[in-house]
Every structure is written in C-alpha cells, then in structure tokens.
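These are the structures, in structure tokens.
Look for subunit A in each of the two complexes below; its partner is subunit B in the first and subunit C in the second.
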Partner chain A sequence: MDTNWELFRPFGAHETEGAGRLRLFENFLFNRILTAVLSVFGAMLVIVVLLNMVPGDPATALLGPMATPEYAQRFIAEMGLDQPIYVRLWKFFSQVAVGNLGTDVISGRSVNAIVWNALPHTFALALASMGLACLIGIPAGVYGAVHKGSIGDTLMAMVSVVFVSVPSFILGIFLLIVFSVMLNWLPVLGVSDNATLGDHLVRMILPTVALALGWIGLIARLVRTSMLEALGQNYVRTARAYGLRENMIHYKYALKNAVIPTLAIIGMGIGRLLGGAVLIEIIFARQGLGSVLYDALQARNFSVLQGSVFVVVVIFVVVNLLTELSYSFFDPRIRYNRR
Partner chain B sequence: MTEPLLSIQNLRLTAQTDRGTASILRGIDLTVERGRILGIVGESGSGKSSLVSTIMGLLSPGLNAEGSVKLDGVDLLTLGSSKMQALRGNKIAMIFQDPMTALNPVFRVGTQLVDVVRNRYPGVSREEAVKRASDALVKVGLSDPERRMKDYPGQLSGGMRQRVMIAMALLCQPDILIADEPTTALDATIEAQIIDLLRRLRNEFSGSIIFISHNLGTVLQLCDEVAVMYGGHLVELGAVRDVLAQPLHPYSRALIGCEIDDQPLDVPLAFIPGKVPETVDNPPGCIFAPRCNYAAEVCTRVMPPLRAFEGQLAACARLEDIT
Partner chain C sequence: MLTSTNFTRRSILAGIAGLSAATMLPGGPAWAQEQRSLTVRISREIQNLDPPFMTGTTDSNVLRAVFQRLVAYVPNKYEYELDAAEKMEQVSPLQIDFTLKKGQMFTGGYGELTADDVKFSFERYIRPDAEGKESSYKADWAALVEVQVHDTYTGSIILSKPSPSLWEVVLAGTSGLIQSRKAVEALGAEHSRTPIGSGPYMVTSFEAHRGLTLSRNPDFADYVPDYETVNLIYIANQKTAELALRAKEIDFTELSIDAAEELIGAEGITVEKRPGQRFVWMGMNMQKAPLDNLAVRKAIRAAIDVDEMVLAGYQGNAPRLNTMIPPGLLGHWSDAPVYQRNVDEARQLLAESGVTLPITLKLTLLNEPGFQNMGLVAQALLSEVGINIEIDQREAATFWSSGKGESGDDLELFFLRFNANPDPTYNARWFLPSQIGDWNWQRFDSAEFARIQDESGSNLDRDSRVQQIIELQKLMDESASMVWLTNEVFALGYQSSVQPAFLPDGNNWQFPYFKAI
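And now, the complex of A and B:
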C-alpha cells in the first residue's frame, strides 16, 4: 500500500529529465511487478499449506463414508494429494505458467472455464458496488466537511458508523427480507435465469446495495476528514480571495487534493470485492467467484480451490498495482521531481 | 471623485474566547484614495492581517466585525456572502504571504489562472482566457509562458510562484489590490525583484494597493502613505517619507529604531522591550504605554485618538512634549 516515493525523487531539473523519468518509471514498474509476483507466490504457498491442514479429506467428503479404501486411495492420487507440498506447488505453477489453472477432478471441467464463467458476475457486482459507494460516499463526505457540525453532518456520521459496523451479509439478509419478502418489490435471486439486461440489473440492486453501504460509510468518513484538511489550506483561501464559486472550490480545487488519501481505501475495496463477496453471493445465489470458492471449500475440491484462490490473489495484486499508478494521475507531485 | 475609494470607520473586530472577549481591532479609521499605495506596518499580532481579511470578507467564523468598511460607498460589512464573493476577484483581489502554499499543488498554473479569468469575465472564451493568462505571465516577467502554464506550482521556485500570484491579481484588474507581506517568505534577492516588479506594474495598474510589510525599507520604496498599527490600533498615519524620516508616535520611533539594515555592527540590536498586548486585555489607557519610554501619568487614563500634528496623524497624548 505504501508507494515508494523515493523512486521518483532523485533526478534533477525537470526539463532534462525526460529519459531519466522514463527509466525511473520502468524501475518502479519492474519493482512493483516483482513484488506482485512474489506476493502471488507467497499467497499460494500459504493457501496450499493451509488446505493441507483442513480437517476432513476430499475422498471422505465426496465419496462418502462407504467408499472402499482402495477407491479413496485412487481418488486422492488422482487429485495429486498424495504428493508432498512442494511437488504440488511446482505442478500448479508450471501449469499456471502456460495459462492452465488445472482440471476439476470431480466434474472433469477445466478450472479455467469455471472461473471464467464466474468472473462476469463478480466484476459486475464489485464495480457496481464500489461505483455506488464512491458516487454517494464522496459527495456525502464533501457535504459533511463543508457543513461541519450541521444536523446533516451529525446524522451522516451516525449512519456511517452503522453502515461501517454492520457486516454486509447482515445488511444483505435484512434488505432481502424487507424488499423481497415483505414488500415484494425486488426479486429474491441475485442472478437472472433469462438473459435480458434489465432483469440482470434489477437483480443486482439488492446485493450491490448490501455491499456498497459499508463502503459508503467508510468513504464518506475518509473524504470528510481529508476534505476538512484541504478546506483549511491556503490555496482554498486564494480561490476564495479571487471570488471563485464555493461549489467550484469544493468539488474541483479541494476535492482533488482530498481524494488522494482516499484512493488507497477505494483501491483496496475494489480488490476485496473482486476477490469475491462470498457471503453476499451465497445469500443472493449469485454464481460469482465467492460462490465458486465456497462450494469448492465445502466439497474439499482442492483443484478448483487452488485455481480460484490464485485468480483472486492475482486480481487483488493487480488492482493494488493500478491503485498505486492512479496516484500519479491525481497528484502531479509524484510525476515530476522536486528538489 | 472626492470620496475616497476605501473608507474604514471605527472598525472593531472581536471574538468570544474562553478567557473573555478578545479585541483584535480596536477601532480603526483609515481611508485609501484612488490610485494610491498605502503601506501598513506593525509587529506580528498588531492586527494587520486581520484588517485586510475583514476588508476581503474572509474572516474565520466566530469573528465579529463592527463599524463600516465602505468601498465606493458600499458598506462591505453589510453585504451578504454571495455579493461579497462577487466582489472578490473583481473589485478587490489579494496576493498572499506564502506563495508556496497559496497556489493549488494539484492543478496546473494555467488552469488556476484561466479559472480566475473566466470567473472575472464570464463572457470570455477559453482561448481568450488562456491568451490573457499567458500575456499576464509575460508581464510579470516569466519567460516561456506556454511552459509555465503547463507547470504545476511545485515545479516553480518561490519567486516564480509569487509572480504567478501577481499575474493572477493583475488579470482581475481590481480597484483595490491587497498584498499581505508578499515578500516575507522569499530570499532577499528575490524580494528586491518582486518589489521592483510591483513598482513597475504600479504605472500600469490603475487601482489602489494596500501593501502590508514588516520591512520599512520596502514600504519606503513602494508606498505613498504608511499606517503604523499596534495592538489593534492605528497609531500613526502619514506620507511615507515623513513618517520614516520623522516618526511621531513612540511606537513608530521604536519600530524604525529596530530596523537593522544600516546599523553599525558593534552595537547590540535594538528591540522593543515587553510584548504585544493580549487581545483579551482592555487597559484603560494608551495601548502602548506599558512598553513606552515616554509614558507618563496621562497615558494611563485613556487611549488617545489619532490627531493631526505637523502634517501627520498620530495617536499619542504627549506629542508636544516628546518631539
């Protein structure tokens, strides 16, 4: 999460630094990608070791207690579970290197296909939730800072705390009961069986809101804090001294400064949501990555689990990398070099 | 044209604090004529910056201004915030003390200038605004304005940033330009350049300037009149040469005595003993009496008003005795 600011600094006057800056950027990218690869590798190591310690072996879980020992033995060998961890890791990574996440021993489907089918559901939900959270959270934070101490601000502070502290699956169940069961306004299932876009969207409303509320609260609080700081800065006084409209000062001049510290959290949020909102996907029966993970874990289906966890880790790391790159979009001080 | 451009009458600025009512300005009377440059000098905490913040209508919440501040006959203190906002950047504009923080670090210099132009002249097209902004940058002595417009403030030196601020002020063509210690944060060599720039721009600029400074030398170079402030009072007012050559008020004398520029090296530095009065204290007598070398019994009774004496104005009861 911490940007390596030093990498951008030690080059001289900005008119001659074109080539130097490019080299710095390449250095930065190389460093980051190396870190990312190591993170993925480390995460997979931890996952495989942990899976090894999960009680209950897949043979019993899948074949039932009546399976003959020979049959169970063969099954375990087929999954590769009789081999030591480093061999399994080696096999996994050599497969991944050629873009193959493995095969689901139980169904015979490729893990690539399973993950590929789940990804659109996950991406749609994650991006919609985070989009909604920013769309409401950022203006709410600005409002809170501008009208600091007003009734609206106090009310929002209270609501934010509730949103942040109640887990999203509780909110999900609550929304489901109120809007689908009691009021019957929205469908219970979070995923459409026919493929019309409208139906998809309507069914996404409840899970999106359930996931977004917590992030709305968090983003609103963070933006409010950094916005308060920005509003106290001299450049805001300058903008006022030149008669710029308050709306322009707030949403243009102050907000761009105030958003920078919030980027890390927004990036982390997207990463987390893309990693599968497991419980929400289960509550609303959406076949996203979270559901795939949950089902695979239930079945002790290690091949699917390994493959999908790998995808989750990669997504998280990539989103984090993009977040860091986005800093330089908002903060020019990262782009050019100061003395 | 007989009426002065800016006329301040009995301006008081107070704030409620835990220790009682703080008086930041204790009744200021001041006028600024058209096309003139007024310097304001005084120690930190004397109320210089509060005075200009009041004129700009940029007081922090909790501060309470009484009296009147008339610009072209319109009392600014009674104007609503939206009317005041329309006035800022139009009839009045300001250059700030610290150019390092006065510009927004995450927007290009050009963006900030163009926004100010388009706010001041709503009918102006984007291209025209860009052209005016880059012309203004040339005027304040920045070469290669195209590149400067694309730069972020952090890419400019302090002197360059202050030039950008001055360009911003010029673009507004205000009736009154307030410069709040525009050179305090700069190196001495840069300071001289900026003062020189302001002097040259003076001819081009038709409005009045209020120039706040610690440095009496820069006031002498730039200003027509000078006002000396102490403890929220105006203690002396007059033509800049007169006041600096023959300061009447004991505080002005002490302040000029503290200038270190042309003192011999082997003499200890002069300073005014004691400290600036607390804003929450309301002594009955002269505000400067506790630190004054000439204080007498008469000084402890009542704060003397500004009165004419030898072509200047000074707020001292003992002018006749001490000159």
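And now, the complex of A and C:
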C-alpha cells in the first residue's frame, strides 16, 4: 500500500525547500541507480546468451590443431563452458560482487589486470576525441546557425555529412597514408614503448583525429539546428533590444540553451567511445578495451570477453547516468521531480 | 553539511577544452629515434610462455630465443647443432645419452642448467602438472619413458620405441627447450609470463596485448646476438603493419601476398617471397552421399582445374601441389600424378556413378580472399558437369570446428590448410582413422594407412621410411578424397638494414641470429 507519510508529519515540521529538493534528488538518484543495475544485469544476460549461441569451438580457436581432445575438454571445463547459462551467470556475478572479473584461462592472468591495463588507453582516446569534437563541432554549429545559408554554412554542411558518413577506420587509414607514410610527420603506431609523455601524446594525434571527425560533423549539425531554434526565441530578441554584442548573445545566452540536446549525444558518444573504438584501436595498434574485446571474440576467449563486456556495459550505463545528472547543472531550470 | 565548490559550469567547460588541447600538444619525435634494437611485428598476441603450454608460433619464437635446447637449429636450415649439450649420442634405438656444457646459468639467479632440469623439462610433457593440466604437445614426447640423471651434467633419454623424428622435430624444436626446475616451481603460473631461461635473450618486459621486449642475456657465452634488444609489437591489422614498415617504425613483419606485391621496390625495404610449407587441399567427406561414391569423387577431381584455382587464389604467386608433402621435405612424392582438367572423363565418371544430375554440394571454406577466389572458380568449373556448388564461407573460429564431432557428419566439400612439419609421419597423423571427428575431415578410413603410418614412426632407416611415406600418399591419392592444391607462398618484409634468420617454413623466426647490416 502506498502510504502518504506527509499526513503524519507533526504540525510545523514542514520540510524546508532545500531539504525537499535534496529528497527529490535522492529519489531520482535511487531510481536511476536501480535502473542502471538492472540494465547491467539485463545486458549481461543477453550477452552471455548470445555468446553461447556464437558458433565455433573455443578450444580449437585458442589451442589450435595440436591440442589433444582430452586437453580441449579440460579447457572447456576450465572456461566453465560445459555448465548451463544460469550457473555461469551466477558464478560470474558472485565474482563481480567481490570485485573479481575472473581469470583468463589461457594466460592465467586476472581479467581485472587485463581490463585495467587497457582502460587508460581507452579513456585517453575517448576523452581527447570527444574534447576535440566539441572544440570544433560546437563553434562550427554556431557559425552555421548564425550565418545560415552562407557559403561557409553550405560548405560546412557538406563537410559534416562527409565526416559523418565516412567510417572512422577509412579516415584512419587515409590519415596514416598521408601523415605517416607520405609526409612522415606522425607515427603509425598509436602507442609507444618509449614512455615519454610527449611521445604518447604525439601518437594519440592521428587516432584522436580519425575518431573525432565523425563526431565533429554530428555535433556541428546538432548544435546548428538547436541554435537556429534558440536564435528565434524572445529572450534573444530582448537581448538584441538591450544592445548586447552579437557574440555575447550567441555564446552566452543562445548556446547555453541550444547545447542541452547535444549533451545527451555527447554523453552517449563518450559512453560508446569508452566502450571501445574497436576499429581505430586495431588500425593504430592501440591496446585499448575495444582491441581487447576484438581479440577475445576472435579467439572465443570467453573469460576475457565476459569480463571486458561487463566493464563496457558498466561504463556506458554510468556515463549515461552522469549525463542525465549533468542536465540540471548546465540548465538550472531542469529539476529532478520529473521522471 | 553541504559546502560550495569552486567548480562552475564555465570552469568545467574551460577545463574540458584545456584537457583536449593538452592532449594535442606535440612532443619530440621519439618514434624516429635510431636505436640499436630490432622491432618485430607479431600478428597474434603472446599467450603463454611456458613451453609445454605455449599456443603457437608467436609464443614459440620467443621461447626459442629465451631457452636453450640440447641441440638447436642453425640459422635458416632444418639442420641442427649442439646447443646446451657438449656431447650427444644415440647409443641405441631406445637410448640417447647427453653431456651438458658446464657453467650455463639460468637468469634471475636460478642457478646452473643441470641434467635434472633436462629431466624436469622433458617429463613435464608426459605427466600432468600438479593441477592435472596436460601439455597439448604431449604427442611430441609420446615415446619418452624417462630421462635418467647420472650426475649434474650427464643423463640418458630412454624411449619406449625408436623415434626417428625425435632429433630434428622434438629435441631441436620447442618441445626440447630446457627449463629451470627451481624457477618453474618457485614462480608457478607467473612463469608463463616471465620465463627463466639460459638462452641468448631474456624477457625484460611483457605487456599483455602489446608485446614484449627481449634483451641480451649477459651470461650467455656461446655467441653474442647482434641486437641488444628485440621489441615484439602486437599489430593485428595487416595494413597497419605494412604502413609501419614503410614508415620504418618496425623492422620485420610477415606480409600478405597483396601487401608484398605493393612493397616490392619500396625504398629501403626488402621483400622475400618463397614457396611455403603449408599444404592446402580440397577435401571430400567420404561418408556423406554422394561423396561416398568413389566415381563421384574422381569426377570432381577430373572436373576441376587446379592450376586455374591456384592462379585465382594466389594471383600466380603460389606453386601447385600434387601430394601432401611439399617439395623439399622428407617423404615428398615427386612422381605423384598431376591431374589435368578433363570434362569428358568427369561426365563419364558421373554417368558410371549412378547419381542423378544435377547434384548440389556445399563447399565450406575459410573467409580469406584466396580461398574465396578458389571457391568461385571451383563453383564455375563443377557447374559444367552438373554439380552445383553452394559456398559456405566461415570466419576462423567457426570454420575450424566445421569438421569436428557431429558437425563433421554434414560436411561435404571443403578447403583445408595444415602447417607441414619436417617430420612426415607427423603430417600423416591427421589423416588416421582415429582422427575422424577431429582433424580427418575427409573421414578417410584406411587401416592400411594407419599401419604404415605407425611403422614409419619408428623406422630408423631413412630410405625405407621415405618409401613408407610415399605409400601413405599413394593411398590418399587412391581414395580421391583429397585434391591437393598448393603449398602456398609466404612473404616477409623487412628493412634492408636487417638480415633476418628463419626456418624454411617462414614461421619460425630465429631472433638471436638476426643481424644488422
């Protein structure tokens, strides 16, 4: 039964407005975290079921033709693939509950170590790419809206469409051929054994650009559309009537409102990129999470695959939760009493 | 109590922008620095550096640089010389005596290499470890009874039956590597990542999913490898490896044939293409109708044009193969029949077979361009005699389980590729009746084949052993269940300043013998 506890509150003990907001926020947070946990569980269930359906013998893929049938059988048992799905899921979540993602049966390494080694590379690439995309895409979108119909706007629309439609791995190879082989300005390999910070940063330029270009196009188009709507609002006309400078109107007032829908896309984009920019990581030989996932899938290395997919799902869900929470930060008119 | 923070929307946005800008800052061109080191691309991750449990040639190339053997291959040849042993003698068909050189030290302070380490290393293959785990290379040491230790430096290898391939395949190969008993017992599972050897190199860093670094072992006294360090970098993508070679970021890599063609003539790069030792054939499941009919199998063999298929698959780069053992390897049947396309004969055989035309067969193949092209040619050629081919191309993991267990019952036609081993008896083992449901996808079930194969495995007379191997190939030919296609070609690309060393199969790289020129 739903009890309205407000009726039993002693007279005069009304919550202050601040406390009420806090409670609304707590409710909102609780609901979202619950949803996030269920999403992670649901996603893992689907993934384990799908992995179970993928054809191919993991023992053959990993051990090769030299393996004896006895060893292949033992290997399957060590991976737990001879057990029903619900047992595997239960075991996996029991391990996860104590912070253990399992052990890679082939190398004997902990999956935690494999994932944690890969994560910094993925984080660096995802944040740099999205940062670059925002840095260029947002001003480009504003420019397109303010100069609607101009040659610059048309040109940007065309370039944006090209960026969005050409797959990042094609751009990656193109950039490698031009900047690494023909001009010899930048290295081919995206990661260095030489541990200097400068070297690491230089090696990040091409993969970052390859990954960012598509997002630049997308963000530019989104911001342009939102800005066009914002520029038609009354408060913009009022600001102009007050004689404010155009730049201040565009960037301080109109953009602040126009950028809200884009935030959702950026949040989702960061989630996706953190989940592994698989092809870019492979092309630039970076050992990020996407690359780990790809190799594990190729080899049917289920222990690594399961653990890294779990981390990807968690990252995606958390980033989306943070994105949702950030809406009110960027727009104070948004409150948490809306479900 | 809630406290205010100094973060504002503006400061956070400015921070994000700053962070992005910072990551874009240029640094010194360290990638271009000259180093006295060799950088080698590996196309597969290093998985396990514990010899009995290694998973392929990427692992074994590292292991052979780190560990010593009693005998080891000389550069570029299937010929061996003494390595850790000072003296070795086959005193009888069932006993090999050895004497070790003195003062060969394991790295990491694990002491001197002794006869007890030899016993420990070899017997690991025939007995499960403490956790019950067995080596997947157990068959290499199937004839081993025990290694007897006489004193610190001498011992005897005792066999249950003569083993003619033991010297060049096992002792000189990866299964003959000598580990430190102390190190393996002390390090446990960690030993599969930080191997302790006494060979020319030692592993100084190993980053999973990235690669490893080999550094010269200062205690190794036999010779000094030319390169101080060998960096093995994992690059999965073939195109990236090609570009990295062009940009001089790597010194040595295997290449696809297409990439090799493009790189020929590139400045400062040497491309080497040689006939390979992997045998490729079109197999037919002899237990599945209508392929259980010998006349149908012979008709298919007569209807296809091997030369055209190989030309389409390898753009004229690979030689035709007429029998299982490629030329140059012991047991090659040089007089094997060279089947030419004969449509009339194929039609006649089909008429004699009693099957009703047209028939439809599924051709299962790996999703590699070469196999796909050969499949398309076979499809066109066979349609002329009333055999319709449905091509079923599969990615690696799915493909390699196609002929196993029950799924093998439904297999019809397929392309298959195996790596040839210097030991012909070993190559023939995959076609034994006992391999049906495992690797004998043809389901070629010949008791005579099994008998001769078994006898050849313990025949120490080279000439009569070659005859036995040829007999095996004749039996395969009579079954008409295998149409040999090619032994492929391998291509390697390297900077012209490097003189590489590798065995004739092109897969086994000998890092300690690489030289800077």
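General observations
Please note the rule applied: the second predicted complex is superposed on the first by the 317 of 339 C-alpha atoms of A that agree within 3 Å, B and C clash if a C-alpha of one lies under 4 Å from a C-alpha of the other, contacts with A are read in each partner's own complex, and residues count from 1 in each chain.
Basically, contacts are C-beta pairs under 8 Å (C-beta built on N, C-alpha and C of every residue); 3 or more make two chains touch, one makes a residue touch a chain.
Worth saying up front: this structure is predicted, and the values here are computed from it rather than measured.
When the two complexes are overlaid on subunit A, subunit B and subunit C sit side by side with no clash. After overlaying the two complexes on the shared chain, residue contacts for A:272 are found with neither subunit B nor subunit C. Shared-chain residue A:32: touches no atom of subunit B or subunit C.
In the superposition on chain A, contact of A:237 is made with subunit B only, not with subunit C. In the superposed pair of complexes, A:221 makes contact with neither subunit B nor subunit C.
Look at A:88: by the touch rule set out above, it reaches neither subunit B nor subunit C.
The larger set of touched subunit A residues comes from C, when the choice is between subunit B and subunit C.
Of the two partner chains, subunit B is the only one touched by A:245; subunit C is not. On the chain A superposition, the C-alpha centres give an angle at subunit A of 160° between subunit B and subunit C, rounded to a multiple of 10. Shared-chain residue A:285: touches subunit C; no touch with subunit B.
Touch criterion met: A:253 reaches subunit B, while subunit C stays clear of it. Overlay on chain A (Cα): least separation between subunit B and subunit C is 12 Å. Looking at subunit A, you'll find residues 330 touch subunit B in one structure and subunit C in the other. By the touch rule above, subunit A contacts subunit C in their complex via residues 55-58, 60-71, 74, 106-109, 113-114, 117-118, 124, 127-128, 131-132, 134-135, 173, 176-177, 180-181, 184, 187-189, 191-194, 196-205, 208, 282-285, 287, 291-292, 294-295, 298-300, 329-330.
Partner subunit A is touched in their complex by these residues of subunit C: 9, 16-17, 19-21, 23-33, 45, 47-48, 55-56, 132-139, 189, 192-193, 205, 207-211, 213, 231, 233-237, 239-240, 243-244, 246-247, 249, 394-398, 400-401, 404, 418, 430, 438-439. On the subunit A side of its complex with subunit B, the touching residues are 14, 233-235, 237-246, 248, 253, 256-257, 260, 330-333, 336, 338.
Residue ranges of subunit B in contact with subunit A, taken from their complex: 56, 58, 85-90, 93-94, 96, 98, 101-108, 115-116, 119-120, 152, 154-155, 165, 168, 172.
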